[in-house]
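What follows is a pair of complexes built around chain A, which joins chain B in one and chain C in the other.
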Partner chain A sequence: MARRRPEQLVPYVLLLPAFLLLIGMLYPFCLGLYYSLTSYYLQYPHLFRVVWLGNYLALLTEPVFVYSVEFTVGYALVAVVIQVGLGLAVALFLHARIPGRSVLRAMMLMPLMMPPVITALMWKIMMASTNAGILNYGLSFVGIGPINWLGAVNSAMVSILIIDTWGNLPFVALILLGGLQSLPGEPYEAARVDGAAGWDVFRYITLPLLKPFIILAVTFRAMDALRIFDVIYATTLGGPADATMNLHMRAFFYAFQWYQMGTGMAYAVVLLALVFAASYVLMGYWRRAAERTAL
Partner chain B sequence: MSGRAAFEERSAWRWVRGGGLVVAALVLVVWTILPFFWILITSLKEPRDMLSVPPTFVFRPTTENYEAIFIGRQRGLYASARPDFPRFFVNSVIISSGAVVLSVVAGVLAAYALARYTFPLKEQLAFLFLSFRFAPFITFLIPLYILYQRLGLYNTYLGLILAYQLITLPFTIWMLRSFFMEIPLEVEEAAKIDGCSWWGVLTRVILPLSLPGVAVTVILGFMFSWNAFNYPLMLAGRQTFPVTVGAIQFISYEQVLWGQMAAASLVAVVPQLLLSLLVQKYIVRGLTMGAVR
Partner chain C sequence: MVTWTGRRLVAWLVVWLCLALGAGEAPPAAHAQDDASLAYFRQAKINWRQAEGQKLTIGLNKHPFTESLLPLIPQFERLSGIKVDYLILPEQEYFSKLVADLSQQRGEFTVIMTGPMRNWQYVTPGWIVPLDTFLNDPKLTDRAWYKLDDFYPALIAANRWSGKVGGGVGEGPLYSIPVLAESYILAYRKDLFDQYKIKVPTTMEEMVDAARLIKKNAGIDGIVARGTPSVSTVATGFISGIKSYTDGKWNELDDKLNPTFHDPRSVKFTQMWVDMMRESGPANWANMTWYDAMESFAAGQAGMIVDADFFAATYEDPKKSKVAGKVGYALVPSGSGGKPFAGLWTWALGMSKATKNKEAAWLFIQWATSPQTLLNATLEYRNYNPSRISVMTNPKVQQIMGAWGNGSYVKTQQENLKTARVAWVPHPERTRLGDIWARALHEIYFKRASAEEALKKASAEIDKVLVEVGLKK
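Up next, the complex of A and B:
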């Protein structure tokens, strides 16, 4: 048997502490997957039994499950389109040579590191349903409202989106601004020589070069929008009438309100599958775009 | 078109464009600042000013809400029990610090291995760590809740610090790896030729050279832990709640203590606002796990 040189063992020694922690993470994860195949009522442990795919099959007959899948995916799509669109606009604005640009940029950092739950509480205060809320008071001058922000079905969804956008728009804007600032100058020189201007330059030079940054922003935003929780928990708790009940909230309710751990884990696994399907597709896009532009 | 007309048209266009930019800047400032402004105003109001229609902008500011959350004094009377909020704040400091220390010790070693050595399944291991950044917390929270009840880790600092590794460890490893990879290989090889062991290379060359990167990782890791809400919501109890869970305690079925909630929220984000000044340039890098430099 060939003896290994001690040098070859170094990476394994280095990885040992992190590996132990990794096992500490994977063990509960696997345990959770197992629980999703069981009927597990926390308050009635003697009823515990393995039901295999029973929990998953039961989900399919639950109307709220279908709605929560639709809401989870629909919310993520709308949030990504709006936040990346607006983020691109803000990035282009901050990229223009305007006075006070560095102040604006520093200001954009403020919402970025806020705990999402505190962000939600701040907006909850502003979104009071009567004119005592600053938002309704402001809108009353233009003859709108008062809007029952978090208390009505449609406005609750929009309110969640507004709060989420406030917290994450700077993230998209700053990634894209970083991208804009790193673009090479030559294509723009060439375009000017050829007489291209304005929209054409943006459409045929800026956008393609910015693509890896846009995909990166889309990836991070899509992942986080699919599993948004803190904001919903602090504002609507999935209501009114389950209007903002996404898979994450629903899993939480099953596990910690009704103590049905098996069904809760089944919801969690469905959400996990969605997140990983999305990340698989988006990571593939990103790798290809990054290779083409040598980011 | 005469030259003069063209010039006038161009300068008119410039005015429109300038005006548009000013309006856009104003919208951006109001959009970003308004929530902070309003929560500050709310935290300084007495309960009777809180829900007045229309909202009052001119009122006698009071420190009553801050006194209530810090020393338990309301309307000149002291509550029978000490207020919980100072404790929540200390809890946040303890849990976040503990989580970062553990992650950095394990993360420095792992990141160095992943940055400089080749071994089978290396990239797969790195991506396994990364995938924790995207996994929904509930997939870990449910089994952890059950396990912690059995193991006696529920409502303990140790239990929370271990659970927070799901947030801080993947971040620490990827962030430090990106900093280590910026150090030229030649520096390391020169040290090896001079007789440094791998441990010497790590402690005397890599760590001193990447000290700013390690500092940034520590600060950002602390901030991400500070923001954590889901894990402590179910794994902590009244004795170990951090500020994020503490702030939501002002909402109950009977009433919402708006003023105290506003004061608590503001105090809860002060460390975040101060620390983000220190790491301004690295926040985007941190939020993308080192992907965007």
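Up next, the complex of A and C:
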């Protein structure tokens, strides 16, 4: 009789939490995927049946779907470029030897501590279209405005971007600052010996070395920007005239406003596919960049 | 020494814990007071303790009525011996959670907060039960004490539905008991209308003119209204306006459930309404929730608002409003027939079919909608407008509400209630239909399509939905 010794069980016991977590993640995912292949209306249980790709094919005929894919992807591209660009600037600023650096670093984290919905509501109040809103009031002194922040098509998209950027810039800056602090000193010393300075150091040493961190920040932000929800929900509800209607918002409308789970889940699965594709490509870049910089 | 300190710490904690638990108990005086108030309920010739020991979980929307119930729930528990647990959520989350619970028939929410248009969604799949059997059972209800006739008839009618898609509101079973009345009237800045000698509008055309004149003369928005891309935007002032404009003859769906948004009468009204918002309304109309619109009017930033009548409670409160005492109230502008058809909504209490303890649930509903509980809700928690005539005519209530708009509020509200009715054609896709409708308004507002094109598109889209879910052949 081969009896297992208790020590042999230890690895399995240690794996158990991860296994449970995996089930906890896979179960809702599989269920969502399954529902996306069904005509599942909460209000009409008798209509429930498997329609295979029916929901997905129906999406293609929906003009709002096409727009929401464009907006989701377009928004993510613009948001990532701006947020990572600004985040890098902030990180470089906080990395430099400036007075009060530690206080500034702590203060920078404040937006991260606020729940996004609260952030969005706070901004909505500040973005009132009349001079009663503090932003327009401030701008009135420099002769600008009043700006119709959330009530017009183009400005609403920009406003969402501003709110999202305010909330997430610290996150990007934090990753990049961490990266900056971990860079090896030797290349910089060598560069100094060779007489390089300023822009050249940044362009040919800092940027290449920082690349894995930048790609990491881009990956995180791209995933979040693709599925941004809370800010849009609290400010524009996808409007005006569907201008800020992304896939996530549309999925919400179908699933929780119209109780049409099949189509709602189909929207969610399309969004998931986008997020997965983006993170897959970006993680590939990251691996290569990390190998090259041997970090 | 260390052990002794540890033991002392434990003892100290135990004392604290006892004190904290003791403090949680209500002081004896409250019990005595409570027993006096229980006497009122014991006048009812029913056995309040017939479901003793049972448990209820109720789902409530965050609302002044809810606020008024919470401190009283221990009173109900002492009266009936029924244990009540509750979950309170903001409106959007509440409805999502409620539908999730009802659709699975889990019975987590036994007593629910609902109302006419919501009932249509829940009755079709059979999620909620009619209340008539409980009302008519003398063991469960003392009708002489409960006084169902004390509710405004229009409000009870609004909560009845035969279940027929496309009609039958006011007929058939009663699905919920109204705890407040909400209808739609015109609130206007009387001071500005007097100052610039502007006529209080009685027709849509006059309203457009008045809005323009206010904006030109007073330099504020002529009118303010909800405008977010959701059902809420069309559900109050807008639907009341269009039904009044067409003398109650136009409906969003015809007898055969064909959407008629592109009907010339609808196109004409919608064009006027949206143009008025673009020319004289707030710049961010397309982003305005009901709350933004109400706040804007209360802050003195607009000349008119056609929305929930009871917003007057905010307008007339000097602590919350800059226009207290300066507001006049009038009926929604009407069409050529001269008779307004304002919409109607009541928050109301209903019962989930999955409820195991139905008798206990009914006892709770009966208690929560009794004259005294509802009077308390209005007097202490500003739950307006009262759904019971006896609450409305209570001298203390009259004293408060009678002062609004120098008496014009109560006069207008009561006059309006004579013709107000549920504005929507009944069917379970009301929310979806309203969302599509509101989106059409946005298309027109931003000039992406003419009113005719946008509304024609809305008709087609809604038709597709009704066929898809099998409501229409």
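In this text, the second predicted complex is superposed on the first by the 280 of 295 C-alpha atoms of A that agree within 3 Å, B and C clash if a C-alpha of one lies under 4 Å from a C-alpha of the other, contacts with A are read in each partner's own complex, and residues count from 1 in each chain.
Everything below uses one rule, namely that a residue touches a chain if its C-beta (ideal position, glycine included) is under 8 Å from a C-beta of that chain, and two chains touch if they have at least 3 such contacts.
These numbers were taken from a predicted model, which means no experiment stands behind them.
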State whether chain B or chain C is in contact with more residues of chain A in the superposed arrangement. B
May I ask you to decide whether A:F171 touches chain B, chain C, both, or neither, giving the answer as first, second, both or neither? first
Between chain B (first) and chain C (second), which does A:M107 come into contact with in this model arrangement: first, second, both, or neither? first
I'd like to know which partner A:T130 touches here: chain B for first, chain C for second, both or neither. both
Quick check on the superposed pair: does A:L272 touch chain B, chain C, both, or neither? Answer first, second, both or neither. first
So in the superposed three-chain picture, is A:Q181 touching just chain B, just chain C, both, or none of them (first/second/both/neither)? neither
Please work out whether A:P240 is in contact with chain B alone, chain C alone, both, or neither, and reply first, second, both or neither. second
In the overlay, answer first, second, both or neither for which of chain B and chain C A:F256 touches. both
Give me the intersection of chain A's contacts with chain B and its contacts with chain C, in residue numbers. 42, 128, 130, 132, 256
Residues of chain C touching chain A in their complex? 96, 99-100, 103, 121, 124-125, 227-230, 282-288, 299, 301, 428-429, 431-432, 435, 439, 442-443, 445-446, 448, 469-470
Quick check on the complex: what are the chain A residues that touch chain B? 7, 10-12, 14-22, 24-25, 28-29, 31-32, 35, 42, 90, 93, 96, 98, 100, 104, 106-119, 121-123, 125-126, 128, 130-134, 137, 140, 166, 170-171, 174-175, 178, 213, 216, 220, 223, 226-227, 229-230, 233-234, 248, 251-252, 255-256, 261, 264-265, 267-269, 271-272, 275-276, 279
Per the touch rule above, chain B residues touching chain A in the complex are 21, 24-25, 28-29, 31-36, 38-39, 42, 50-55, 102, 105-107, 109-110, 112-114, 117, 119, 125, 128-129, 131-147, 162, 165-166, 169, 173, 198, 223, 226-230, 233-234, 243-244, 247-248, 258, 261-262, 265, 268-269, 272-273, 275-276, 280, 283-284, 287-288, 291-293
In the complex formed with chain C, which residues of chain A make contact? 41-45, 47, 128-130, 132, 146, 148-153, 156, 235-242, 253, 256-259
